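Multiple structures are listed underneath, in structure tokens.
The following pair of complexes shares a single chain, chain A, combined with chain B in the former and chain C in the latter.
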Partner chain A sequence: MTTSTGTAPSPRALARQRRRASVARFWRQYRSERAGLYGLTALSLCALLALFAPVFVGSDVSSVTEAPGRPMQSPSAEFPLGTDQFGRDLLGLVIWGSRVSLLVGLLAAVLSVAIGTLIGVTAGHFKGWYATVMMRITDWFLVMPTLVLAIALATVMSRSLTTTVVAIGVTTWPTTARLVRAQTLAVETRPYIERAQALGGGHWHIMSRHVLPNVMPLVLAQTTLIISSAILAEATLAFLGLGDPTVVSWGGLLQDAREAGAVSAGDWWYLVPPGIAIAVVALAFTLCGRAVESVLNPRLGVSR
Partner chain B sequence: MTADATPALVEDKQRPAAGPRARKSSAYPRYLAGKVAGAAVSLLAVLVTSFFLFRLIPGDPVKTMTGGRQVSAEQLAAYRDEFGLDLPLWRQFTDYCGKALTGDFGTSYQFRAPVVDKITEALPNTLLLTGTAFVLYTALGIFLGTRSAWRHGKLGDRVNTGLALTLYSIPSFWLGLLLIIVLSVGIGPLPGMFPTGGMESGGEEGFAYVLDVAHHLVLPVVTLVAVEYGQTLLVTRSALLDEMGSDYLTTARAKGLRDDLVRRRHAVPNALLPTVTLIFINLGRTVAGVILVETVFSWPGLGGLFYQALSVPDLPLVQGLFFVFAAAVILMNTLADLVYPLLDPRVAR
Partner chain C sequence: MGTNDQKRSLPHGLRLVALAGAATLTLTAGLATPLDPAPQQARAADDGKKVLTVAVAQSVDSLSPFLAVRLLSTSIHRLMYEYLTNYDPKDNHAIAGLATKWEPSPDKLTWTYTIRSNSTWSDGEQATAEDAAWTFNKMMTDPGAATANGSYVGNFRKVTAPSPTKLVIELKKPQATMAALDVPIVPKHVWEKVSDFSEFNNDKSFPVVGNGPFVLSGYKADSYVRLKANKSFWRGAPKFDELVFRYYKDQDAAVSALRKGEVSFVAGSPSLTPAQAESLKGADDIQVNDAPGRRFYALATNPGAKAKNGEKFGDGHPSLLDQRVRNALFRAVDREAIIDKVFRGHAVEGEGYIPPRFQDYFWKPSASQKLAYDPAEAARLLDQAGYKKNGDGKRVGKDGKPITYRVLCHATDPNDKAVGKYLQEWWGELGIGVQLNCLDNVTDPWLAGKYDLAFDGWSVNPDPDFVLSIHTCGALPATPKDTGATDNFICDKKYDELYARQLTEYDPAKRADIVKQMESRLYDLGYMNVMAYPNAVEAFRTDQIKSITTMPAKAGNIYGQDGYWSWWSAVPADSGGSSDNASSTGVVVGIVAGVVILGGLGAFAAMRRRATAEERE
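Let's turn to the complex of A and B:
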């Protein structure tokens, strides 16, 4: 379906034209996935909100010393979502928190997918003991309780966003590795790979120019799905107190709420917005990922 | 027509029964040995990871553990001695493995008690919570997944899948906190109906004690089931959809079988195999869910203990629990591997 993503050593213009055609075809099919469109819309809104957060709320929104309101005010005209235990505006905090949650989710997913793709492509290309060892490691990671491993990693490392990204990234790559390896094996049986080899193409050439472009669509779908779980994982780590305490994130807000006694006081308005924000973004990424998947894999498309 | 169909039916029923019995003599022991060896290697890998994770990461584990607190030089020396930090790394490792194999994971820094004792104390509580939730969410997921697939594309299916995906995207700890606010603390005119946390009110005995524990169990179990059943539903649904186009279903219908018989006797048993595999692979997610749910509901189990250990951080306890969680998932997966050939003789081939 997407074999024409500019792999053929034809004039550059031809390649570009083909790529444009395949993107257009992809978009045409994606548009027929209603759930995917909802997801995409929700995501675009969230991304815009996160990008332009400094316009809506000042960067001093998380300042404890210059809080505008009294502590723990319930929602009012002045503070639509109420205030936290320091008197900070919760609406501003939730908007500001989207930056960290989205950024960490995105970076962790990119790291995870990069590791998975690297291992998947190399394990599919080089057969023999290297592939065996790599797939053993992958299988082992696959059955490991990922979050427990991430928590253990975050515990022994210092509290920072980098820690969170690394802890999530290095524990969630195995599914990608398996999928990419299977696709690599399938691609490498095609005749044009043999032709490239016959013309003297080396390992690097084959992997980067022939295999990689063919697994990219799969990688794209996988990234979208993993961002969703990475955002949930980030919230979880922050909630357990393993995130960076100096930044505002949705999971961190929930931890603050719990520590401030919002649960026993019945202050539902403190807890609801950050949780909904996490759920909406995670759901939106899941919907997009599933839509991309079913466009790329027509057999799954039936099961939509 | 009925006479023609009968032999096919009988043969259909006999084949799976005869399969494993005939092959047990040759393929099954080899398959079993392979799976058990694989599990042993995985367990060893977990042991190695749990050792190196807490030693090789920059800094001194004793410093990480006592971080920020006032500790005298003697105490530091005592901890260094207890962890054997002054020995060469390979000696530390062999010591650690030797002790771990006899079930000794050191002494908890915060409870001043052997890690093993803390774990065995909390284990039954976690098993009660996880077991109840696991049975419920698996049953619910398979039931709804089957219905969804059978009527795929219809309104019921869309609602089902949508709800499952939404609940799947919700952080379990957040759902738990909301349930506590709404059903335990009470909101507006609604009185609190369930305890806010813990496992028992104390002072109860006999049947009243059982009821009390069950009362405490409701909210944690509901939370776990809500966030976990979606995955089972989706897996069952897609497995069944894969079977839907198969010829044998057309045959079953052509024989004149009722729709629900075709589903229950023919389609579901075949779709269940990939489902079972994935249910067990996804157990890791359940473990994570248990940690959070126990934390939120102050359930006195392994997950709650893990949270307490993290906040110190009590490294021996974190290490021990890490091993237990990973080992539990590996063992359950191996168990599932051992049962498959009995369900489907093709697996052991």
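Let's turn to the complex of A and C:
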């Protein structure tokens, strides 16, 4: 398949051209999804803020010994969102916290989708007893309450970011696995797969060259959607006190607020900003995910 | 009391606060439930019983007085059983309990107690000297029964009851704590049926026979502990008919329950946060009691855990065996900042081991002995001890690896986490890494000696013998597999000698002097670095509790007293005043947050509608 003929554009160049065209087509269609654009804008803003947080606020913002204010000050000109229990600037903390929340959300989603894709593709491809076993395992994870499982995992492992990523990643993959398996089954019935097999294509070749590219759009959409739930899950775990207490994250801020008694004291500025930040980012990812999904999934496209 | 409307009017605001708090975390919707008031019979049952409900968070370790050591359990035992003696609520001196009189023989080795004849067990039997003798003898002969209070009887030679009103205790050596034997006396006729004291938790059949001001009538682990008033209590029946310790694992939920009148008293665990105290101060019908505490809050270092048989275990960092390192670490702890920022003034700076509230035994280091906050001196000490900085600015241990201490912290105590963050930065400046291990259950790594430093704290009794005894070599576990009474494996010869001396010293002034020497020794050793004496910050509803005794009478605490004074003396208020606007700020906050969120959703919906306008028909 990779033997290059001497004639005009090489297959490699052709493939590149085709990809460029499809990206352009994708973008054109995506642009027509207004909600998706809003989501993308919000996301880009958040990503920029997180990336340039060291410039805006600096890591000093999370220092307790050099906290600039008094504990639990309400919003003022100096501290637009007030201060936390150590007298740290909450605006700075919310911006700084976005780094961890986004990072953990992305990593956990990637891990979850990677596991899901691996199991989905292999189960769809190999069928037989292997598929049965894998799908039963998937079913088992599917019926287990995700949060409870994640809490159990986070409890037994030491408290760190890796733990949180793993706890979320290994508990949220079953839906992806199911979706990918269904798509794999559909792709494998196509005639060109049969042709490839007749020409001597092995399992690895079929899975990596023919099945994977075809399930990729689905995986992409699924990743975007899972990120939002991963961010929520990260915030939940941190809120429940299962995160690393020394790292500033949105969920961790909520947990700090709760422990400091901000809920019953009515110190809303400690609670509302991280909460809204979580909601906005999760919403933005969902909007993007839906938009990508409707662009890539032909069936959704027709119905609209 | 207990009108329904106040229950109904407030939850709404609360739910909104919860909404703002969890801030639209859809995933955590379940979390709102602890804040969501479950419909419960609060304090006034239909039959007009006066119920005093106390919100607690600490789990009961055991309801057997032979096993329990936690504050809640021992407080409950105070209520269930009479001790030989009690402490005066005004000034902590020993007063009559089950014993009306006690006197030593001239050689101070034989003590004779006169047992009162007007105390009866709740099943009608007379409480006699025989019960007391049996209790002590059991603890002396059965190691399972000596788990919690064994330190009191270690020096007893023989305990007899020549007559129902006379108890005679013979000692091996003089013992100073004979008027402060904090041992619950249990009814012999009930307890002699128990076969294994190390297993029996006294929580199977109710009511539990007792002779204290209250009788234990129900218990469900982590749910409630219910006690009924003992109407025939010799000192007089309590004014409330029932006392219920109800569990609120979430402190905010407990405070909300107090605001609504669902509970009458909140002690917090270990105390209310400054923000909570601040907001409750402004609330109607609620009184905040901010009293000097009887606890100390310390940073314990692992001295290399070992058992009595000499076997070493655990994996404490070897550098901590050097006193200079321990002192250096403590010198880098700015205690003033902790008081000011973490406790926000609701604590007193730590000095010696025993809180200043117990004036007789309070000791503070002289200016030259004091390990004052001095990071430069700390760095110098570490250099001197041979722990120099490497190229990255990290101090390296003898094994050549950068030093990182594992600090064991209670995940349930916000103060631990907050102070931990400060430690991380202070010690980070010194070039020492800190890994904060916040666990729900610190007991396992603690008993296994698998930590470097740990947050530690004990409530101190008017007689300091117990809190001093937990640092003696004698308290170490017999083998690494056993559990000893030791706090953190301290074993120091000089300290032990002083401990033995104070125990045999009958002259209060001389004894206090020895105790102070012990504190001084403990301070220098640096295994037990007291950072603060936290105040007891607690709150109760004045429309449910008219009056309640604090201990000591002036600026004293209510929860966890040395005695049953608070709950026994509590007088119910006549009628429940309403508390309509108790959480008006909460409601306002909730509404604002709700509007913001709804506004956002509305905008989103509008956006969606516009986006799909072309496709709609």
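Here is the rule we go by: the second predicted complex is superposed on the first by the 289 of 304 C-alpha atoms of A that agree within 3 Å, B and C clash if a C-alpha of one lies under 4 Å from a C-alpha of the other, contacts with A are read in each partner's own complex, and residues count from 1 in each chain.
The rule we apply is simple: a residue touches a chain if its C-beta (ideal position, glycine included) is under 8 Å from a C-beta of that chain, and two chains touch if they have at least 3 such contacts.
Quick caveat, the model's predicted, so the values are computed rather than measured.
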Chain B versus chain C as contact partner of A:236, first or second or both or neither: both
Contacts of A:286 with chain B and chain C, given as first, second, both or neither: first
Touched partner set for A:152, first chain B, second chain C, both or neither: first
Partner chain in contact with A:261 - chain B first, chain C second, else both or neither: second
Which superposed partner A:21 touches (first chain B, second chain C, both, neither): neither
Partner chain in contact with A:38 - chain B first, chain C second, else both or neither: second
Touching partner for A:228 - first (chain B), second (chain C), both, neither: first
Contacts of A:48 with chain B and chain C, given as first, second, both or neither: neither
First, second, both or neither for A:133, with chain B first and chain C second: neither
Chain B and chain C contact sites that coincide on chain A, given as residue numbers: 35, 147, 155, 232, 235-236, 239-241, 254, 257-258, 263-268, 271-272, 274-275, 278-279, 283
Of all residues in chain A, those that touch chain C in their complex: 33-35, 38, 63-65, 67, 71-72, 85-87, 147, 155, 158-159, 229, 232-233, 235-236, 239-241, 245-246, 254, 256-268, 271-272, 274-276, 278-279, 283, 304
Chain C to chain A touching residues, read off their complex: 17-18, 20-28, 31, 35, 250-252, 255-256, 259, 272-276, 278-279, 334, 337, 341, 344, 409, 411, 414, 417-418, 420-422, 424-426, 436-438, 440, 583, 585-586, 588-589, 592-593, 596-597, 600, 604, 607-608, 610-611, 615
Chain B-facing residues of chain A, complex: 35, 136, 140, 142-149, 151-153, 155-157, 228, 232, 235-236, 239-242, 251, 254, 257-258, 263-268, 271-272, 274-275, 278-279, 282-283, 286-287, 300, 302-303
In the complex with chain A, residue positions of chain B that touch it: 41-42, 45-46, 49-50, 53-54, 57-58, 61, 64, 152, 162, 165-166, 168-171, 173-175, 177-178, 180-182, 185-187, 196, 237-238, 241-242, 281, 283-285, 287-288, 291-292, 295, 306-307, 310-311, 313, 315, 318, 322, 325-326, 329-330, 333
